[in-house]
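Each of the next two complexes has chain A plus one other chain: chain B in the first, chain C in the second.
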Partner chain A sequence: MANITDIIAGLFPGISVDTPEKSAPVVTVDDSKWHEVAAALRDTKGLQMDYLVTIVGMDWPEGLGCMYYLMSSVTNEIVGVKVLAKGDREQPSITSVADIWKVATLYEREVYDFFGIVFVGNPDMRRLFLSIDWKGYPLRKDYDANPDLNPVSIESERQSDFTSTYSRNADGTLAKEDVRVFQPEDFVVNIGPQHPATHGVLRFRTAIDGEEIKKIDVYMGYIHRGVEKLCEGLTYPQTLHFMDRLDYFSAHNYHHALCLLIEKAAGIEISRRAQVIRVMMDELSRIASHCLFVGTFCMDLGATTMLFYTLRVREQILDIMEKTCGARMTFNYDCIGGVMADLHPDFVKDVKELLAVIPRNVKEYNDLFTGNVVARNRLSGVGILSREDAIGYGVTGPSGRASGWACDMRKLQPYSIYSELQFDEVVATEGDSMARFKCRLDEILQSARILEQLVDNIPDGEYLVKVPKVLKLPQGAWFQVTEGCRGAFGLYLESDGSTKPYRLKIAPPCLPQAAVVDHITRGYKIADLITIGGSMDYIVPDIDR
Partner chain B sequence: MTSGYIQAQFLDTTGVHTLLTETLHLAPWAAVTVECLLVGVGILLVYALLALFYIYYERKLCAAFQCRLGPNRVGPWGLLQSFADMFKMLIKEIIHLNHIDRFLFALAPYLVIIASVMAFAVLPWNDGVQIIDFNIGIFFLIAVSSIGVLGILLAGWSSNNKFTLIGSLRSGAQMVSYELSIGLSVITMVCLAGTMSVTGIVQEQSDLWFIFKGHVPALIAFVIYMIAGTAETNRGPFDLPEAESELTAGYHTEYSGMHFGFFYLAEYLNLFIVSGVASLLFLGGWQPLHIPSWDGFNMVMDYIPGFIWFLGKCFLLSYVIIWFKWTYPRLRIDQLLALEWKYLLPINLFNLVLMVLVIVFGLHF
Partner chain C sequence: MEVTTKSMPYEAWKDNEYIEKLVNELRESGTNVVVGSLDKLINWGRSNSIWPLTFATSCCGIEFVSLGAARFDMARFGWEVARSSPRQADFMMVAGTIVHRMVPVFRRLYDQLAEPKYVIACGSCAISGGPFRNSYHVAKGIEDIVPVDVFLPGCPPRPEAMIYGIMQLSRKIKVERFFGGVNRQEKQREFLESHPVEGVED
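Our next item is the complex of A and B:
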């Protein structure tokens, strides 16, 4: 840690670096220097902050601004950068870093959508989730939520073929320029929002030339529920319930992540038994999630039968969950201080039965699908994502690991009891759809391995420690990255000392995965869009939040 | 009589003819018209019933492949499910769309179903039980079944929808390509039979089915025919024109009610027709399984009626095609065309030469 702050302080004399006790170091940079600092952070040896985890838009008492969280794929260190916006609340602006981290294009659009901060130099400065006629910027503290301002419209949503890009004039004012998204002669097909293969309400505006894809404009926000805004009005235990509803297949993992963050901030130690239970539930979720991926992915490719073979295993896992948690989805099981309820008496027996059938099932999937010549032709060499692009676009999880980027947060940022467990990080180098598919299949076996180590070693003890009835966090900000089923799940929590979060930012893994689709589908066929989108395995509620 | 006439040979038709001309004193032309009408109604009835059976058959089979039960609520073992579905389809509203080419939009499903009914009429069900039989029967079958692609192209184009347009263009490319393979493998077998008459081809196989008689080239032709036939019916793994996960429902996205029902029926019946043609070209049509010099065995086989042989072979071949569909992922359009033009077509041409050599040198059984 000290090393990183030293390098940064050495590079930029006079820069202020905070080192909070329980979170990553935070560098405060003025906007005029930000682009230069960003480039240095990415390129300086010893720092190599090449992965932008998230951009947290903020409405601090001192003004609007952003927290950038960066991670290095070499040193695995995390650093936060705080940048205050220039200008008044009418037109605040920050210099764009879209040319340094590719995924920033989209993250900056999100901040613009919610805070109205214009990013100077971003090639695509449109709203991301809200409709283009939305009035106000909802995550600002002075936002007027009066429904009369933004009534529910029964008209078709207004669409624009233009996007904007901003530049600074010599006198500091902003100049706006309109840019076409598609050319007038493009043949644009709407794939989604209601489409069998988009796995939810996601929309790809696809320009095609015959069967070939020229450009895709990803259109999001159909299932945006404003979870981050809602959380600001709720107490800490209440915010937990939203975690089930983002990526509903990683419900346990996300719940676990927020519990960890709040416990860390509040200084609560939980029992070993609760930790083991949480990790086991995470890994069961991972197997169920990957099984569902295999099934739906094969169905997208036309092999419907595989879906039912994989659902068999998932069904068994859901039965285990139902016995202990009382639900088959949105489990709401982890809570601050441990877990809601103790394990069902059959849990150990059921998990052992599951572990007995998993290798046989994975072998069956491989025999039926992976080895099939049609499947190999459809997947191999399709949608190749290079390692640099995976990092630049922030594609984590099995999709990133298939491109050769070892990005498993269970290994890089060990949390809970993961550092004590034996498991391999599945990494492939091909970066194509087949690699992404195989990575997930192999991860099922690794998760099973973790379960095998734990199933006979669940310690006795209390499953829930006592926590204060009214939970107040000390003033401060915390950031943490954990591993969901689909990749790195970042959480940023800022507290002003009350019972409610001042800001809770959720950095989902699926947003960059959907954002990268345009980049890797160009030049491929329409059918490959389905293959590539399917192999990325994004979940739309996780993108939109 | 020449062989180029329409011959109604359902069971003993002379009785019907006598009834019409002598008892009812109808003029010969009127009698023939009435007979043709009766045959038409009969063929449509059998067509519809068979399509319903096929829907049920596929549902049950795919359920078995997928560890499910399939339809089991309507009637015993769900037997009435497809009837219920048909009635649902019949009473559904046909939604009228704006901004489409109304005439072509309405015409398209009829073209598809007419092509399929005409091809259906050629199939021989038993010795003499056949609607159309003339000396170029198999050629006629290939010709009329090609009309279907016109319907699909029109459906996609007249719907004024980008998805249907892509679906129908895919379909056009696919069907025109695979027609070549079908045609060539049929020609290969016609060489062996020495006739294009459907009856003649079946009669030729009374001692031994062509797939055994023509051994290697016949076997190659059979495999190619089955692949191309599956592609021709737009079924998985060649169901790109519909490609549910890519194009929602491809060329028939905009169709509703019975218009959609026609596409649906035609698809299932085309499955039967492809299996039927394969069985008459390669597996002896309605001919029982005969093995030369096994007289006892042959006599036992003769006890089983011809139409059971025919239907049995059709259902067996359909089973294989359905099995394909529920196992394989879908091909991509370029892979699909590469398979035809780079592999099937050259193999087919080579196979035709091989078959001719086999016949010239008398190497077949």
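Our next item is the complex of A and C:
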């Protein structure tokens, strides 16, 4: 850690680098220097911060601003950068880094949507989740939540064919320029939000040339529920249940992540038994999630029977979870200090039964589908995502690993007991839809391997340690990245010392995966959009939060 | 008259009061034998083949997928023909949160459903906004947007609960009258008149 801060301090004398005890180092940069520093952070040897994990918009008492969290695909170090916005609350602005990290285009739109911070130089400065007529910026602390200002309307939303870019005049004021999203001669087809193959309510405005895709404008927000703002009004234990409802397949994993972060911030040590239970639940979720992926993905391609085969295993896992957690979905099982209830007496027996059938099932899926000539033609060589683009667009999880980027946070940022476990990181190099599909199938086997190591070694002890009834976190900010079922799940928590979070930012893995669809579908046929989108396996409530 | 469906014993239903109320209303308005028999025939057909619209916004949709798969198998009841186009569907299972941006889309989907059409509000989000009720971008229940036939609580409801909910709908269809005094459709027309869609451009 000291190494990184030394390099940064050496590069930019006079820059301030904080090294909080339990989180990544934070560099504070003035906006005038930010673009230069960002380029150096990415390109300097020894830093190579080429993966932008998230941009956290902030409304600090000292003003609006952003926290950028960067990670290196070479050294695996994380660094945070704090930039305060220039200008007053009417028109705050920050220099855009969209030309340095490709995914920043979208992340900056998100911050603009929530905080009204304009990013100077971003080619596409529109609102992301909320309509263009939305009044106010909801995540600002002084947002007026009066429902009369933004009523529920059954009238169709006003839409614009234009987006804006901003530049700075010599006197520091901002100049706005309108740019067309699509050219006037483009033929634009609307796909979604009500479409069976978009896996939820996602909408693609697709410009096509004959059957070939020229450009896709991904339109989100059809299930934007404002979880981050809701969390600011709830106590820490109360915020947990929202994690179940983001990516509902990664319910355990996301719960685990937020519990870890709060425990780290509060300095709570949990028992070994609780850690093992949590990891086992995470891996069971991963198998169930990938099984459903295989089923729905094959169904998108017309192989409906696969859904019945894969849901058989998923139901078996849901039964195991139901016995212990009492629910089939939205378990709310992990809690601060451990887990909510002890394991069901049948748990070990059931998991062993499951492990006995998994290899047979995966072989069956392969026999039925992977070798099928139709599937091969539709998937192999389609939707190729290069390693550089995977990193630039921040595509993590099995989708990123299929492009050759070893980005499994269980290996890179080991948390809980993952550093003691034996498992392989499944990495492919092709980067096409087939590779993404196969990576998930192989991950089922790796998760089963983790379960095999743990199932006979669940230690005795308490499953829930005592935590204060009223939990207050010390002042500070914490950031962590863990592995959900679909990729790197980042969480940023800032506390002002009270019982409620000052800001809880959720950085979901699915948002960049949806953002990259435009890039990887260009030049392919419109029918391939379904297979490519399916193989990215995004979950729309996770994108929109 | 004991209204039931799918060989479910009448006593096993948890809420018979409302269906008895419906039946009484029908009796009071009176009907003749021919029309009544025609209604019976139509309702028998309709209540046994209600086709859902594939419509899911969040978690509840996954339980609906489970409902379609082998274990819960809604094909047993004649509901398995999930249509992706609202023109071909009979009812809409509103599985998930409806947010501001989705409301016009959702309303348009409802308008596109062919008559007779039904709506099941599935899960607490569709009923009231659920855990997201206090959010700035969530509609507080779909009842203000479309008329709802069955409320199906849960977060998400279990597949068994979904079966029960759709069976309730099927039972409701059984006491409908399409000839003579058309009870349900009038209510729907009233609702639509009081909630007009303005400024829709085609």
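Throughout what follows, the second predicted complex is superposed on the first by the 545 of 545 C-alpha atoms of A that agree within 3 Å, B and C clash if a C-alpha of one lies under 4 Å from a C-alpha of the other, contacts with A are read in each partner's own complex, and residues count from 1 in each chain.
The rule is simple: contacts are C-beta pairs under 8 Å (C-beta built on N, C-alpha and C of every residue); 3 or more make two chains touch, one makes a residue touch a chain.
Because the structure is predicted, anything quoted here is derived from the model rather than measured.
Taken together in the superposed arrangement on chain A, chain B and chain C fit without clashing. In the overlay built on the shared chain, the residue A:Phe162 is in contact with neither chain B nor chain C. After overlaying the two complexes on the shared chain, residue contacts for A:Gly221 are found with chain C alone; chain B is out of touch. When the two structures are aligned on the shared chain, A:Pro196 is found in touch with chain B and with chain C. Contacts of A:Tyr248 after superposition: chain C is touched, whereas chain B is not reached.
In the superposition on chain A, contact is made by A:Leu301 with chain B only, not with chain C. Of the two partners, chain B and chain C, it is C that touches more residues of chain A. Shared-chain residue A:Arg312: touches chain B and chain C both. In the superposition on chain A, A:Thr330 makes contact with chain C only, while chain B stays out of contact range. For the combined arrangement built by superposing the two complexes, chain A sits at the apex of an angle of 50 degrees to chain B and chain C, based on C-alpha centres and given in steps of 10. By the touch criterion defined above, A:Glu211 lies against chain B but remains apart from chain C after alignment on the C-alpha atoms of chain A. With chain A fitted onto itself, chain B and chain C come no nearer than 5 Å, counting C-alpha atoms only. Residue overlap on chain A between the chain B contacts of one complex and the chain C contacts of the other covers 195-196, 307-308, 312.
By the touch criterion stated above, chain B contacts chain A in their complex at residues 62, 65-68, 162-163, 166, 170, 236-237, 239-240, 243-248, 326-335. Within the complex formed with chain C, the residues of chain A that make contact are 129-131, 138, 143, 145, 150, 152-157, 193-196, 200-201, 221-227, 229-230, 233, 241-242, 244-245, 248-249, 292, 296, 307-308, 311-312, 314-315, 328-330, 540-541. The residues of chain A lying in touch with chain B in their complex are 187, 189-190, 195-197, 211, 298-305, 307-309, 312, 368-369, 372, 374-375, 377-378, 525-530. Of all residues in chain C, those touching chain A in their complex are 54-59, 61-63, 65-66, 68-71, 84, 86, 96-97, 99-105, 107-109, 131-132, 134-140, 144-145, 155-156, 158, 195, 197-201.
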